[in-house]
Amino acid sequence: MMEDHWEPKILAFLCNWCSYAGADLAGTSRIQYPPNIRVIRVPCSGRINPLFILKALQSGIDGVLVSGCHPGDCHYLSGNYVGRRKSVTLKRFLEYLGIEEGRIQFSWVSAAEGGKFAQVVSEMVEKIKGLGPNTRFSTTLFS
Amino acid sequence: MIQEKIREIAKDLLRTKKVDLVIGFGEWTLPLRTTPLFIRTPEGADHLVWNSFCENNLAVYLHKFNQFKVGVVVKGCDARSIVALTLEKRFKRDQLFLIGVPCQRMVDRRKVKRAVQGEILHAFEEGDQIFLEGEEFKTTLRRDQFFYSSCQTCIHRTPLHTDVLMGDPVEESPLTEILPEVKAFEEKSPEGRWDYFKKEVSRCIRCYACREVCPMCYCEECFVDSSNPKWIERGQLPSDLMFYHIVRAYHQTGRCSGCGACERACPMEIRLTYLTQKLNQEVKDLFNFETGIDLEASPPLSTFRMDDHQDFIK
Amino acid sequence: MKWKLEKKDFQKFLQGLMEDYDLFAPVKLTEGVSEFKKINQPEEVYLNQLFTQKPAKEVFFPQSEVMFHYEKRGGQTQTISLEEIERERILLGAKPCEIKAISIIEKVFMSGESIDVYFLEKRRKTIIMGLACNHPLSTCFCTSTGGSPFLREGSDLFLIDLGESFLMEGITGKGLSFQENKFLKEPSEEDLNTAQLIESKAFQKVDSSVPVEGIEKRLDLMMESTFWNRVHEKCVGCRICTYLCPTCHCFDMVDEGGPQRGQRVRNWDSCLSPLYSLETSGHNPRPTGRERTRQRIMHKFNYYPKIYGQVACVGCGRCILYCPVHFDIRKAILWTSPKRPKKYEERSSS
Amino acid sequence: SGPFKGQLLRPSDKKHPKRVAWIQCVGSRDSHIGKGYCSSVCCMYATKEAILAKEHSPKMEATIFYMDLRAYGKDFDKYVERAKRDYGVRYIRSRISHLKEDPETNQLIIHYETEEGERVLEKFDLVVLSIGLEPTRSHQEIATTFNIGLNPYGFAQTPAFSPLQSSRPGIYIGGTFSGPKDIPETVAQASAVAACATSLLTKARGSLVTEKEQIPERNVHYQGPRVGVFICHCGINIGGVVDVPAVVEYAKTLPYVVHAEGNLYTCSQDTQEQIKKMIEKHRMNRVVVASCTPRTHEPLFQETIREAGLNRYLFEMANIRDQCSWVHMNQPKEATEKAKDLVRMAIAKAALLDPLPTQTVEMEPKALIIGGGLTGMTAAKQLSQAGFEVYLIEKNSVLGGNARAIHYTLDGDPVQPYLASLIKEVEKSPHIHLMTKTVIEKIEGFVGNFKTQVRNGNEMKEIKHGVILVATGAEEYHPREYLYGQVPQVVTQKELEERIALHPNSLKVLKNIVMIQCVGSRNDHRAYCSRICCSKAIKNALKIKSMAPETNIYVLYRDIRTYGFQENYYEQARDSGIIFIHYESNREPRLERTEDGLEVIVYEPILREDLKLHADLIVLSVGMTPASENERLSQMLKVPLNEDGFFLEAHMKLRPVDFATEGIFLMGLAHGPKSMEESIIQAHAAAGRAMTYLSRRELEIPGIISEVDERKCMGCGLCESVCPYQAIEVVIKRTGVGEKQVAQINKALCKGCGVCSASCRSGSIDLKGLTNAEVLAQITELAFG
Amino acid sequence: MKVKNPYLPIPAVVKRAYIETTDHMLRTLELKFLKEEDAQAFHFIPGQFCELSIFGKGEAPFGIASSPTEDGRLTFTINKAGVVTTALHHIEEGSEIGIRGPLGNGYPMELFKGKNLLVIGGGFAFTTLRSLITYFLHPANRSQVNQITVIYGARMPGLLLYKEELNSWQKREDIHLVVTVDWGDKDWKGKVGLVPNVLEELAPSSENTIAVICGPPMMIKFTLPKLVALQFPDERIYTSLERRMKCGIGKCGRCNIGHLYVCKDGPVFNYAQLKNLPRDD
């Protein structure tokens, strides 16, 4: 499924109350952004189990975006705060191990920030295109 | 001598029925090794020993005995694991009697074996010298050249929150200033780090010794064995082995006391402490939390602060 | 038939073999760790470590082995079995205890009407070049289990390291084709004596005092004894002793992939894991470490002998060396025998 | 968003302004043009705009010219401090009368006088006028058609002590129709007005409700997944970009799919019938619709499949419009590819969905009101009128709370008679169970099923109720400053009001009275404004002036915060000769004892020297502090307090009288300092919110909640500590073979955020409706599809 | 000669599938081999089992419920418990399945010749017993055994397996069938009582009789002493053990009790064998 030039495949976890709504707003205002992301809707950015992000990278997905409500706006009060601690420890640990910086991206996008969502996605697609395909976990290199 | 004191306290505890059993270390068949002992009678306490090879983290046995009152000999790292376990409701602190021993850093038997030619048949320790005797050789080594890497950087050698302390506290100065393993690893390029990690972990035979000897790994069903959802396959695929080792280390965030038992247990000598040491360093920088020091402070991933670090978030 | 092979042409000799055989030998993974692997260049062969962590059984019964692929084509699922092996193989550098263990496993896999074809195929197409144990460790007790550091039984060819050269003995007829090889010379009388000397010296070094004799009878009546309550206490339930044991042969089968295509894989399993005998209903006949440790010892020293008449332990000492909590099976065996030391009443016996 | 896409540009030349100035009170507090009132919101408006502007272009300089900074609301002062500290907004106290334009640079020139009286000239690129609010043209029409009275400023006239009531009974006033106010007050008024209306309609409650009879749900447990896929064209919105027929063909090849079709408008009524028919025909037990955003259309489709006998949670949507066709309009090939991926992921998730029961918890239609002050009683009366039983708990022996110490309002209406009549009404109402001298011992349970132990003396009583209203009020700050308590001449405003009402002539003889504002407020220990001290000081000052015109009254203030219509009285005070002296927070007035009495020394900015005021009486305007037992009550109710110790509401602007925990409400001074009228409004509002629960026989609990696998759970308590709603508790459970420590979920409190299942290391707790397995299936489907 | 790979499942298809019990937990599958020669080569005796495998999910052992006398019919009754059994409950008629077998030793049909037969079954373990009973009720084999007495119990009437067959057996006189339930319901007219008590009541003579008993561990625990009380010698009481199995051919070590492999040396054992096995249940 490798065409002539490689198109990154990015998985985005969007929190239902803010970022998913922001993405919808980008839709209603017809703000175009690259079609590389696939969205999984989760109730809160705190719902993201670190194993999801790791499993996505292991399955060869090129980038993971986790986007939730701005601090203080969380529909579930402290969901994004708890999620934030897991995210920072996981991101630093994976980058320590050698996952390229930028493979995993976190952002706050509120329901009113359609433009920002499109911008976050475009920046991420550029970044991942710069990094190239995710070969970290691929086993072909090693017998 | 510490060994005598441990035996005294164990005898007294067992005689007065303050505890049902005492878990400590004892001599066994191989040189440079000790083994966990479960003493239930005062006479048995005479087999308890204390030397530079009491490397096991005895906290791993406590959840097997959580219906009993247990006395346990603890080093600095063991005591910290116990504090972390109490925070996770494994047992009530009052059912434990912690016999704290200020730790003089444990000696790595593999380093000693590599320093001599031929098999070591007998060994004993005197002051800071280790006397070794093999089939055709007899040598003495300085013990402070052969410490475990996790012991070299330990700054909590005097156990905290113990019921009794078997000697005066040792001053807490790490031998090497910061974690040499982490520093050496961080000097590599990202590809270099990943390849090093991949090469190390691809030797793994999934015996799960690193999981079973760790006191913090007590889950009924580990994510590795879960079939719904099935996170990874059961085979030897390097990417599954990497997944397992990343998550096993990650699950120790803010819980690992840095005792190094996982690395010691690995038959394939896979380096593991540089993973958990890095996580402990992160938790210290980000949340100013050290495992098992404060009985009240809740573990970092079980709480949050409004002003947590967040400049990594766009 | 005996030959002498100079060490300096050892590499070239192996290069010759590799033209028509796949060569499996210990390869150094890192300091102090080696594993049997398929050799690409002769330099990779690493014989200095007395024995590899994972025993030679891995060459015949790999830790993870794909049994067959399945693929759904047009509503019909085809299964493609993978037991075929094209090229004959040579196993170099296996120790006598490991080789004897392979015959122990052989009895299970190749008996009864259903034969384990995967093991059979590998066993038939492999020539075993055993290597004698010149310097056994203090943890070795192969002589107590009917073996010896120079046991030739099970090897097709047997190498003895004389220092500068190898003495190679032909045991079975197999592998005749390369015996007229140019590197093989006539061994001198003096070589044979040094081999004999090394053999007797090695034989003394091995601890033959472990009372394995008659353990099957003794264990018959010990099923319910409190001995087991003490034995299991220090065992944390990892799987090192079963994965590193040359005679352990339990495995689990699991499907990988989805309904459309995938494969059925066989992986090593360990009776020490709680999930080994856990039934779907939640009932577990061996719920705690006590039953599981008992199962490991009973199976090796009671159940297996009952069926096949010999003890399923070759005394290699791996489980003693690599146990993270220093569980010593010799102590356990000693404890079941009348010679058990009285004064250690209290001591746990494992 | 916005005309310039979020850029801060000058409308004239579309350039970035470097220096922007805000001028406050334009068209407000100016009786010459008939706008004598303060519009209450402009100070905070300007501050917010300054902060947002600085966020958009940090290099810009923001300056606000004001007379009195009226940040009286909850946490408003903190917000202003943040503007000053973090964003560097300059606040200059000076009334700007006119602007001039510099002809060459066409910048705007502002002349102003600093505190020290020095005349300064500054140039600005952009000036923002903070114009106030005024009644709309339709105010007059509405007033005439409904024949309701308006006040002199054209806003609705409301009788004393009933700020929601128009001059005609049965017509209620909500929001800024009765005067300028901020969002928290308008939202509270909305709920309050609704409450008043509901209690009038009590007899007709529920009469128009028709119970929707449903066919029983089909049991899908013992069937394999049979997924039906409906892919929408949405006219050309999707069909124009995504090749829908190709996606339909592709869906047909996927596992578990028994039927796939494309529709022009899946959400249309006839397509709903089509879906139901297809469910029947293909014996589907899972449905996937690929169309627009689930946030708007999921309930519609869930209702449809429920009517076809399928549990509503056996449904999954793929958003191929807002997040696919609309945003990849000129990349049809990639958009189709993306749509296929999204459909495949949705099917993989749908195959694992379980039917989830929507349990119900029965609702005890009784309310518990904690605190028998003015707020508590108002709410009790409101709820009893609406036909609900109320337990009113008061710790003192007598009702009334803080209101007992207030004799008249700023408008002059007597308070005690109103209070007495309210108390009588509460005492004789059959629906209100009054319990004075009663303290709360223990509160258990959750919304609909609270059980509270209360103690009266040594007799314990247990109350069963469905909701809780917290009206524990607040206490007057007990000052330590200015020799209070050591010298009789130093009193608080409350004590002064007592003396004015009971023995006025003791005041007539006084020559000089000095009032000091913001005593103990707006400093590091209590960083909030208590909102009512300014109006209280002016009320007392005017009363004294009317009794003894020749007494000199000095009011030393930092900001006079007489917001709304109270501004008139501030003007009246100045006209009647009361002298207002401004002091900066860093140069507070000092009190010194001299032989012939007390002297107040204050730095007078205009004269630029220390003024010595000989004072016969010193009145301290002290703020309010949270009630002492707030701490204990917040533990029992498991609801949070804010940093200042007042209760923390669910959302400052949108849910001011709710707690985050469902079924518990907040009103009056317990929420924060406020005037009597605002407390009455919040009382009605909380009663209104409580009625939305009390009026239902049972509470429906959504299906998407967490579930614990007790075989795998080790009871480590991690989920218990991360749950935002305290819905999880680790308990010792008796199992067949002994005891086990497991986590237990309170189904009524769980909101389905899933934070617990993300934290659990062994996966023993999982969020039904979005389990780990379902997300994993979507990930693997995306990667290896 | 190439040795047959015992691990390769033989492809088959689900001919008929229907739910047996009211709690939907038991489902009977009728399978048919895809290739005719596999069907021919498949000879089994009652008491044997097969490993049914669903590709992608795994494999699980199930006793063969049909009897060899039913011309190639191959039915299994699946109790829904784990991943594989749930998959077996979800597959539709006509879909694919893999069969490995026949495995295990099955009942010692030779030893039954000329004896009376006492069959005691409980719950869903009645599958292999149905195969045994149907085998002997077949005209050709009926004469091999004399008196056939069957006691079959279940918790509730709705949970009884093979209800139609039970009725047809009830009508025959050459078999004495007693069906009992722990709790009856309004339209249950039959016996109500636990299997051990029913056995005690019936008290069939143990003289020249072989007892075959299968059921949940609790039922066996209380029924065995009753049989011993009726002087049934240990070697004439047979049971089929329920154990976790993987390979089914005595290689993987999962199912051993003591030195016996339940899958190879069993699953049918007589009580004498079980007695001297280590208590490892």
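Every chain is named by a letter (A, B, C, D and E) in the order it is written, and numbering of its residues begins at 1.
Definition applied: a contact is a pair of C-beta atoms (placed from the backbone, for glycine too) under 8 Å apart; a residue touches a chain by one contact, two chains touch by 3 or more.
All of these numbers come straight from a predicted model, not from anything done at the bench.
Chains that touch both subunit B and subunit E are the following: C, D.
Here the chain-to-chain distance from subunit B to subunit C, counted in touching steps, is 1. When chain centres are taken as C-alpha averages, the shortest distance to the whole-protein C-alpha average belongs to A.
With respect to subunit D, maximal separation of chain centres occurs for C (centres as means of Cα atoms).
When the interfaces C-E and D-E are ranked by how many C-beta pairs touch across them, C-E comes first. Mean C-alpha positions place subunit A and subunit B at a centre distance of 36 Å.
Centroids built from CA atoms put subunit D at 72 Å from subunit C. Inter-chain centre distance (subunit A to subunit C, centres taken as mean C-alpha positions): 48 Å. Between subunit A and subunit D the centroid-to-centroid distance comes to 32 Å (mean Cα coordinates, whole Å). Looking at subunit B, residues 221, 223, 228, 231, 301 sit in touch with two or more other chains. Residue positions 50-51, 55, 78, 82, 86 of subunit A are each in touch with at least two other chains. On the subunit E side of its complex with subunit D, the touching residues are 19, 24, 27, 80, 89-92. Residues 7, 9, 11, 16, 20-21, 23-24, 26-28, 30-33, 35, 38-44, 46-52, 55-56, 59-61, 74-79, 82-83, 86, 112, 114-115, 118 of subunit A are the ones touching subunit D in the complex. By the touch criterion given at the top, residues 88-90, 218-223, 226, 228-231, 251, 298-299, 301-303 of subunit B touch subunit D in their complex.
Those residues of subunit D that touch subunit E in the shared complex are 219, 221-225. Subunit C contributes residues 67-68, 70, 72, 76-77, 79, 81, 83, 108-109, 112, 114-118, 120, 223-224, 249-255, 257-260, 262, 264, 266, 269, 271, 276-281, 283, 285-286, 291, 295, 298-299, 302-304, 306-307 to its touches with subunit E in the complex.
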